[in-house]
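These are the structures in question, set out in turn.
Here come two complexes built around subunit A, the first alongside subunit B, the second alongside subunit C.
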Partner chain A sequence: MRHNGSYSASPRIGLLEWTPWIIGIAAFFLLPEYLSLGARILIFILYALSLDLVVGYAGIVTLGHSAFFGLGAYAAGILSARFGVADPALQLLAAMAACALMGLATGAVILRTRGLTLLMLTLAIASILLEVANKATSVTGGADGLSGIVVAPILGLFRFDLFGKTAYWLCLAVLFVGWWITRRLIYSPFGASLVGIRENHVRMVAIGSPVSRRLLTAYTMSAVLAGVAGALLTQTNQFVGLNVLSFESSGELLVMLILGGVGRIYGAFVGPVVYMIAQDMLAKQFPEYWSLGIGLLLVIIVLFARDGILGIIDRLVALVRKEAR
Partner chain B sequence: MQEFLASLVSVAFHGVAYGMILYVISVGLSVTMGLMGFANLAHGVFAMAGGYILTTSLDQWGLPFPLALAVAFVLVAAGSVVLERLLYARLYAAGELAQVLFTIGLIFMATAIARLIYGTLQQPVHLPEGMKGQFDLLGRDFPAYRVFIILFGASLVAGLWFGVERTRFGAMVRAAVDNRAMAQSVGIDTQKLFMATFALGSGLAGLGGALGAEIIAIQPSYPFEHLVYFLIVVAVGGLGTLRGPFVAALVIGIADTACKYWVPQFGAFLIYVATILLLLWRPAGLFGRAA
Partner chain C sequence: MSAVLQTRGLCKRFGALTVADNIDFTLEAGARHALIGPNGAGKTTFVNLLTGRLAPSSGSVVLGGEDVTRLSQQDRIRRGLGRTFQINSLFRGLSVVDNVSLAVAERRGVSGRLFRPASQLSEVRDEAMELLRSLGMADDAQVIIANLAYGKQRLVEIAITLAMKPRVLLLDEPAAGVPSIETHRILDVLDSLPVQIGILIIEHDMDLVFRFAKRITILVNGATLLEGTPEEIAADPRVREVYLGERHE
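And now, the complex of A and B:
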């Protein structure tokens, strides 16, 4: 069910909500040869979750979410490759700090605008970061990408192995924490007020809700989550490419989120899984047809199934229940 | 000093030519966004299509250059009407997110189709002999084709302004931009009006893409790569006006050329920063009215 922010929804974690974690753990043992793909999927789920918080709940349509993903990726990478800090926890913290600052600074100014101007500003900020990463070659490696990243064993115990076992567990654990925090946020009065702002901005101002502060908080939280996802990508790949900041990256993420379903937490889980498994199977053999198919899929979803895969399932379930009655 | 002056003239000249192209491409976006409030991120697709139509009609169909430009305009305008009726029209009432996603989907499809037909390499433009050389003016040499772009663009702008400011059709468009409900209630068929405007705007984008194929390289990544610039022109200029995007396009064309000439290490960085500052100062753009 789409969570609409009302207090009537029970905040307790339902049985069904444990399925992603059961699948996540089972996948580790059942599909050992797909662990690197699995880690990437987990990272993109976290990234999509962060986008869902701003787009799905706060109703801020952004074209520049890759700015935070990329900033997190570069923050962790630069810390290791240029300053020799190999500790994974410090790398994650650095990414979080950088994205919190960036989210706070940019959010404070751009969230005052709406509509086209806001779209434009989010896109411009991502473009600036891309331009900086491209030109500041001595720090970021420019178009060749940033290599020479070293990640020390987690807690001094678990080394990053060739098969991506450690990386997978790290991603799963971090995603779990990210999910838990996001879920708490959404089911709190704060989350309800975000939905209120999405549905009717003017009325929320009128009833005295601190709208700008709420939006800024949500935007910064989302920036931090996206930054963590970026840092995880750096740690799993031990490489950062310019494409983490590109507009295509933001666009692709929007596709994953809408595919799963916007504004319902678990859409951010379903979308990346479906998208990235399909991509893994199809994109390399048929690159042209792949992006043609993605475009077509997006158009069809927008026209006929705007609530994504989970929305379709909801409707099917409702239909079956009606029949049964 | 002499050298500085020469580079100044050169930057201004190339900047104006680039600005003209940006304007011809973006003006339709400004009008459609102002008229229907549709966030059409796929506008660059029309420009790219125009560019491909130009190179194809020059190289494969052997058409003369002016005719190829006309074909680019007509085909893109006709294609856009089909898209508008079949797809865009369903989403006028939808939210911003749906429009954004839908047009991103169109971009994905268009780049894939372009790659399937033409490959990933940029398309060479074979200009007619008369436009290849240099044009001598006041003892300086200017590339003849850019002179043509500036003159052609200027006359197009003049025609467009006359059309919108002095004709009945233009008056109807202005009325609909100002207040759509009111325009509709005095008997203007805003749906048809919008279709015509959309076709004109897209056709102009196609024409701009064709005209500028030599400046803005025609390749499959075109709609993604230059989207920021088209949006900047519209956002800085203001929605629903003709004058705003014109000033914005010229300023951006010149500023971009100047930055790339004098401070290439910054790239487009300064343009983006300037855009952000300007939009924070005037969120509705230079000439837009506050919403």
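And now, the complex of A and C:
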């Protein structure tokens, strides 16, 4: 179930890979009262998918991915609240453009470093953006958050309703497109070279690969995806809070991805689903201690299943096959 | 004969320590040249100066008639300078054929394509397979590197470098860590390499050096002590003193 781009991997979409979409569509009809949670989960899947591209495939460890998620959220929100642009497609495009520029500009500087230094720099960039958003109250609303966001009906047809039906379909559709593009990327020669860089940076340089450019491309693409996820959150909530830029947001995301499994595409699907449903249930049962449950879950995963929930499933499948033989 | 790789007065100093001392070296086209010397003689430093991993304090490196002293590693690779590493430097999580394919794709300039599936570029994989076949490794093509015997990993190391179609091949201890009963396989592969490639081998295994090389250069304390045919080297008393003497007394 590992999805590694390589010159011998078949890019055919397997039957199992359709399950998330079947579940996504079924959930709409079977769980109508959970649509807003559903939309949130879809957004975080897209966000986690963008992180998987850099962490899981390019091997860039970042704790500052919220910079792009938040920038996308604010770009879409500011466009509507301050410039009166209500068209959802334009809002998404604005988020993409802002994140592409930010990804290029920051990536060009920080991707020269590696390891812990890089980790600190990604954190620093997210912190700077958070502080800018906090201080520039006339534009961002500061700590009060950005309100007054209007999102026009999609294509002039589908109005955003109170029950979150439209938002859910929008998130599902955008996630589908994001997934399809990411998957294409991973199976492309570019994706194969990212895996090469992750496996052995020095050797990629030694075979003449333009490693820095490849990393910058991957980083920027990931930034754009994260920005789209952020913009979707803005459109769904019609509000942007400072927390989208926070360190907690980046950290939580990394936890979700590790929980699901890194470098597998579908770890980014499983992680947020498990994390957010567990969070939702635990918060109802133990409003004060829910994070303890999440913490225990993570400790168990890190101690016993470094490759996440999907890794556990892989091993179980291998075991069953062995028994059957 | 023409020189494919040359150094002129190459020096490298780290503070007061001189690790490359005015080295004039010439590698002819199609050469089978060995660089030997006691530990700490500066062999690896010399290779790093050739590949551009280190910048020289003074002197120049000339590749195929072009001064490449100021060029980056990548630029030298593109101009046909290939090297293998003393310690395996492979893509451990990938299969043998995927390892070689990455290098083939870089050389063909198709590795940056964004959307078409990599597996559709069948010419990349075919070339990688062909190369593995020529090295007698076709049976191991699908094996993940981490599961491959060390001696075979050394061969993958060479295969990746060959995939870049170098004019000059620097082999940094190709037999390092390989059990002596298996070094003949390495030697077989070395003997089967295309004759037009100029090969410089850095190696401790004297059997391998004397069977493979047509010319030998001895490096001591960062400077060339002597250069000649294997017979001349073996007969020279100075060599016995600084190098062979340690073993053959």
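To be clear about the criterion, the second predicted complex is superposed on the first by the 320 of 325 C-alpha atoms of A that agree within 3 Å, B and C clash if a C-alpha of one lies under 4 Å from a C-alpha of the other, contacts with A are read in each partner's own complex, and residues count from 1 in each chain.
We take it that a contact is a pair of C-beta atoms (placed from the backbone, for glycine too) under 8 Å apart; a residue touches a chain by one contact, two chains touch by 3 or more.
The structure displayed is predicted, hence computed values, not measured ones.
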Subunit C versus subunit B on the shared subunit A, clash or fit after superposition: fit
First (subunit B), second (subunit C), both or neither touched by A:Trp179: neither
Touching partner for A:Phe269 - first (subunit B), second (subunit C), both, neither: neither
Partner chain in contact with A:Ala206 - subunit B first, subunit C second, else both or neither: second
Contacts of A:Phe68 with subunit B and subunit C, given as first, second, both or neither: neither
First, second, both or neither for A:Pro11, with subunit B first and subunit C second: second
Touched partner set for A:Ser188, first subunit B, second subunit C, both or neither: second
Included angle at subunit A between vectors to subunit C and subunit B, based on C-alpha centres and rounded to the nearest 10 degrees: 80
Distance in angstrom between the closest Cα atoms of subunit C and subunit B, superposition on A: 14
Footprint of subunit B on subunit A - complex, ascending: 55, 61, 63, 109-110, 112-117, 119-121, 123-125, 127-128, 131-132, 134-135, 247-248, 251, 254-255, 258, 262, 288-292, 294-299, 301-303, 306
Residue ranges of subunit B in contact with subunit A within the complex: 33, 37, 39, 41, 87, 90-91, 94, 96-98, 100-102, 104-113, 115-116, 224, 227-228, 231-232, 234-235, 239, 265-269, 272-273, 275-276, 279-280, 283-285, 291
Interface residues, subunit A side, partner subunit C - complex: 4-11, 184-185, 187-193, 195-196, 199-200, 202-210, 213-214
Contacting residues of subunit C [partner subunit A, same complex]: 73-74, 77-78, 83, 85, 89-95, 97-98, 101-103, 105-107, 110-121, 124-125, 128, 142, 160, 163-164
